[in-house]
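What follows is a pair of complexes built around subunit A, which joins subunit B in one and subunit C in the other.
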Partner chain A sequence: MSSNPTPAKKQLLKIIILGDSGVGKTSLMHQFVSKKFDSRYKATIGADFLTKELTVGDQVVSLQIWDTAGQERFQSLGSAFYRGADACVLVYDVTVQESFAHVGSWMEEFSIQAGRRDSVLIGNKTDLEDRRQVPTRTAQMWCDKQNAEGDKNDKTEMKYFETSARENTGVEEAFMAVAAAALARKASQPAPVPPPSTVNLNQNQPGNAGGSNNTNSGCSC
Partner chain B sequence: MSTAESPKTEAKVTLEEAKTALFEILDKKTPNTWEQVEVVQKACMRLPTLSTLLTGEKRCQLYEKLLYDEHTKILDLPDNLAEYATKASETHESVAKQLSPLMGPSVEGVSEAELKGFVCYLGTEKGFRFGEKQVGIFFALAAQFHDVPKGDAKANLKRLLNLSVALREEYLISSTLYEKATLSLLRLLLQYHDPALSEALDHQKIEVGRYLLDWSSSLFAKKDDHEAAVHVLDWILILLERNMVPYAALAFLMSNRQAVMGFRTEEETTEYLQTLSFKFSYRKESALNAGLVDGRRIAPLPIWSGKSLMQNADLLVRNTPLSAQNVLECCLWPDTAQLSKSPEALAHHYSLTPCLPIERSDFATSFSTKDATRSAALDYVVIDSRARVSYEHANLPGSIFVGDVAGYDQERLEQLVSRVEEKAKGSHVCVLGTGRAIDEEKNLLKLIAMQLVRKHLPYVGLLYVGFKGLIPMIKQKMIVANLQHPEDMAEETAPLFTNAALDAALDTISSNLPTSEEVRQRAEEVRQKAEELGSLAKERAEAARSWGLGVFSQLQEKISEVRSQGLFTPSTEEAKGTSAASTEPSLIGRIVRPSIAAAFSMGGEADPAEGDDDFDLITSVPKPMKSALPAEETAKKEAQKPQAAPAAAPKPAVHADPTADPNAKKVDEEFEKLFM
Partner chain C sequence: MSGTETTNDTSSSAVTQYGFYKYPPAGVGVNRGEALAPSKKEFEGQRDQQPWKEEERWWLCSFAVYERLRRAGVATDEETTYFRNQWRHRLTAADPGGILRRLLWGYLSQQSVKVGEAAEGEVPAAVRDAIERDIGRTLPSHCLFAAADGIGRQSLRRVLLRLSAQDPEVGYCQGMAFPVATLLLHCPEEECYGVMRRLWWGRRWRLRDLFSPHFPLLTALLSILQQQIAQLLPRLHRHLAEEEMELSAIVAPWFLTLFTHQLPTALLARVWDFFILQGWRVLLQVAVYLLRKEEPVLVTLSMEEAVLHMRSDTTYQRVVDTETFIRAVLRVPIDDKVVEGLFPC
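Now for the complex of A and B:
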């Protein structure tokens, strides 16, 4: 299959933002999409999304960014929307060690629902440097470890960024990086192979054992 | 006395006369027949300020009239009460210590050991739990004895024993079996009735279900403030409806909505809710629930007494889908009936839903072909998100067509929400799709529901079985539907193209068409085949083909990708099903219906080929409470309900003065009709 991208078509990329409650996922999304920051905290219920168009290289991309709930009681509802994602943004709070410790389990849950995908790890709230609990080096090493452990046949990459949604530092770079990674992956993937037209899902059903979809079973359509 | 008999005479009855009449009834030593209980209820209803008029003795008499029936076996105190003291736990000792000052002179002469033994006996032999949640209501009962006439102290203890046991058996929530599901369901119910308040609490990470459950479990009594509880308990018992308890909790929370929504932090809100007193005082500033003048036909009234609280609770009950009412009752009192889902599965079910799930049984009544059934049920406005051709082929009366092409487009979603808001705000709305087990469609429906909830539309629900789940009911003429070709739904007229075949066609289409080209190819095949089968079959195939076609077209890449990852395997829920189901070759997993026979019958044997996914949760009719109405009385009262239903009220309004509010009067009248 050809890996040459078709230049004119706008690509839709679905990005999921994950992480513990209160790490700043919603703030990051709003800062990136609307350049707005609201210091009042409002927990996300279930999931919500915003769309932003951007250009990556010469490709116009419509980035559909899904902000998910970090609260445990809304996780099941939120994770239903992971499917079909092209990449994920894992977020932790640099001032909360525990939120960094949970990043692995967020990634695991995402992989279960959406498969392995490129991702970026974001250490948010760098404006609170004096309260930092997670050193940059620790997070960077974690990313390196993930990159080293990945499946050789299905290589995904995790980049690390530090951001402050409040001060709008590093936000654009992180989202552009995840968009670029997702786009590159999409371009390098073979086009979906249509299933053989003779597939008959009802082959085990009595009266439709012929295997084709034109038997006399009333209607096999 | 009938309602029509003498309204003028009744209106002239003064408060004092009504009080005297009630007290005379309470003093009579008559057997507690149902007729007698009704007389007591009517007498109480004439006294809106009843709770403030009752002395401890009169309250005890009232409770005895309401809690005991002809068959109640009055328990005797054990002779060896003091011996139980030796078995008393620390909790029993602690409770006993507080009992003496609470009951005052009424237990003069009873020794400390006997009191300890009494508490121990009640706890160990009669199953009364003196934990944090239920000790308050016990103290509230005990405190009523403080002013009973001095006399036989043991007789007073015996009365307390019997009242406590009856209350425990009939009203107290002690099971934690379905607790997780209950917490979610209570939150969903709050969201159903007051989405803005629910959202505010969710934003602050307040687990509101916990508060609602705790208040219900404690019957609004606090260990250190049990006085106010009897003002609620009076009316809970007068109504003889224990299932009103959680709705009273909801109503109480909603009456505090302005204060709750005014808090900025989780800490502030938590402190407020934890220290909330159940005392009722009418305050003008808290009376106007401006946020609830939102299109609903009747907004909750300001709460200024236990009676008005229960009026609001009644309003909430009437506006809650019957299936949710039944599930909640089963969760709180699992002995009521059996649920077809395990506690874990039920909790999981609710954790996945963005709004209250509506069950097929709700539609069976709301769209019933029988006028009487339909008029007594909630009026649903269906938000139909199937493809246009499917909608035109068959739809439910009053439904709003929104189609299946909104997709994940914010602008279109906003337009959709605006349309629904314009046409149906305040009505019970139910989002409905095809009912196919396709994640993309399910997610889209959830998204639509979430958008409606975020717009603070009350009464938003989602019918997971979709239109597909309604087809058997339409075919059997159980529910009404607008049909393009009514003959299509006649059961006996489809020899060539059965519903099973239609389903097979849908399966083939939905699982075999990852690209639009494939969709078109397959549709062409469907069309060709349909032509062979005749024009009638062709029309059906066209309708079938279109179900969810917009979704497929829009999400073709996603579907192909998901398929390539093999993610169309059964979900965890499905995987728990039977082995036969899990080996089904279909790529689209089907939800496996539990093997327990559902009480809701589709009127015939379900055709397995139809994939008849019945999500209805109730599997047996709830058992009546011991003190509940006899069957004929229940039927009589049920027949009265439609007239009293809030849907009949003409316009929304909330007024500051409950006594001057015409709607308040109307609600009051409707409420009282129940007991006349």
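Now for the complex of A and C:
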């Protein structure tokens, strides 16, 4: 499947996973990308990332998922990674009230560094239902509040998901939602330097989902 | 004496020579490990494989002579330098090996370090929780730390709690657990704590400045590395500038874990021999060496690709052979003065 000699131009999307230490950011990323769960991940120091190719609608995208260290003092090292992010994933642990309380500050930090972006909020570890501290309704309401409060001119959306990285429930849905949000943002933005277009007549061009402003003036400075 | 290779007859065992579980190929198995606990025999079989008696005698004599001079108060700076040079030459010449290494690290870390009594108070609950979360995420594939409440994890927890108690200002920082766990592979808990405290406060290492909020030492190390790259690796330097690449994305984890997260165990032990003897210089040398080795690839990559490239284990495992590696590292020209600039006063 990868031996195609002239692959269609892929859209590269960058997303960042944020949240307190130990909420399962690395596990979520690995579950989504490589469909496996291991209870023995090493703590993430600095940042790490994986990429996964997927199809959103009819567009092939390469999703670059950045996983960050969760301890607060690492925020000062994070800015380099936030740059150029298209969307963000905020994660908390449904069994740790505190990790939910911190979601707001993670989002704020991200907005300062990367600008406002669409995001998904993930309540992870639903397999530990008996230890749950944060009710679904509370998190959903918080999300709704964020969506209602947003700037009129710069509307961003936050969707809520609950997952279990251990049991692989809800992970795919959450990441597909954030990929779609990131792609929508990319498509609505004029590309800074349009790539020299080589129209391959034998293939359906997947690019430019918007379609209307597909002028391609050929300015390849 | 004869310098022959020790035979690593551990191929049939569940763990490597260094106690790491041999994992099935990536993607297979979930709760591996528990069923693979190594037998006592497997460990004993690995002991005493090297004829290191003469090596041991040399070190013990050298330490004894130096210690006598020091205690008599006649060890001048010149003399100290002489001894330290001797020790460095000896370490460069040969791998001291496991059991002797424990002795060397213990003694060498004491040199010119005075650490006062530890004020050990209560550890705040938040710090306790932060430590607890990382206990199971530190060298989880090593047999010492694999079991949920095995002795390795218990020691790791106690040492980390004591370390954060003796310096509440720094508390606990992610990254700290890795050097502690690495030391625990080489020495028992009490010694590990002692060595960590000396590395913490001793002016050669100042680990407390590495881990304290805003990472002052890390910032200083990064700027030294930037200068060194500008001088020694101009192509890479240009590429970093053109791509607006943040060097810290690649190298911050190296320094924050003292390379314990990246280097294979045997190599790491050799690098630490020099880290304990001399301080940060050797870690800067390793950083420059790795960047130089990968320079031809790195200059073709974006920042994201570069991080990925330098993160992959193969980049470190591909290293030829431990002794060739360490010699090449020690030849990287980094001026001692540059490193001394890290700690004014």
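Please note the rule applied: the second predicted complex is superposed on the first by the 177 of 221 C-alpha atoms of A that agree within 3 Å, B and C clash if a C-alpha of one lies under 4 Å from a C-alpha of the other, contacts with A are read in each partner's own complex, and residues count from 1 in each chain.
To be clear about the criterion, a contact is a pair of C-beta atoms (placed from the backbone, for glycine too) under 8 Å apart; a residue touches a chain by one contact, two chains touch by 3 or more.
Because the structure is a prediction, the values reported are computed rather than measured.
In the superposition on chain A, A:Ala80 makes contact with both subunit B and subunit C.
Applying the stated contact rule after C-alpha superposition, one finds that A:Gln71 touches each of subunit B and subunit C. Using the contact criterion defined above for the overlaid structures, shared-chain residue A:Val60 touches neither subunit B nor subunit C, since it reaches no partner.
Contact with both subunit B and subunit C is seen for A:Gly46 once the two complexes are overlaid on the shared chain. Once chain A of one complex is fitted onto chain A of the other, the partner contacts of A:Ser21 extend to both subunit B and subunit C. Shared-chain residue A:Gly115: touches subunit B; no touch with subunit C. The partner of subunit A that touches more of its residues, comparing subunit B with subunit C, is B. When the two complexes are overlaid on their common chain A, residue A:Phe37 makes contact with subunit C while staying clear of subunit B. Of the two partner chains placed by superposition, A:Met176 touches none, neither subunit B nor subunit C.
Within subunit A, the residues touched by subunit B in the first complex and by subunit C in the second are 14, 21, 40, 42-43, 45-49, 51, 64, 71, 73, 76-77, 80-81. Across the complex, subunit A is touched by residues 27, 30-31, 33, 130, 133-134, 136-141, 146, 173-175, 177-178, 213-215, 246, 248-249, 252-253, 256-257, 261, 304, 307-308, 311 of subunit C. Across the complex, subunit B meets subunit A through its residues 184, 199, 202-205, 207, 264, 348, 351-354, 408-410, 439-440, 442-443, 446, 450, 496-498, 500-502, 504-505, 507-509, 511-512, 514-515, 517-518, 521-522, 525-526, 529-530, 533, 537, 541, 555, 557-558, 560-565, 567, 585-587, 609. Against subunit B, in their complex, subunit A makes its touches with residues 12, 14, 21, 40, 42-43, 45-51, 64, 71, 73, 75-77, 80-81, 83-84, 115, 192-195, 197, 199, 201-205, 208, 213-214, 217-221. Residues 14, 21-22, 34, 36-49, 51, 64, 69-71, 73-74, 76-77, 80-81 of subunit A touch subunit C in their complex.
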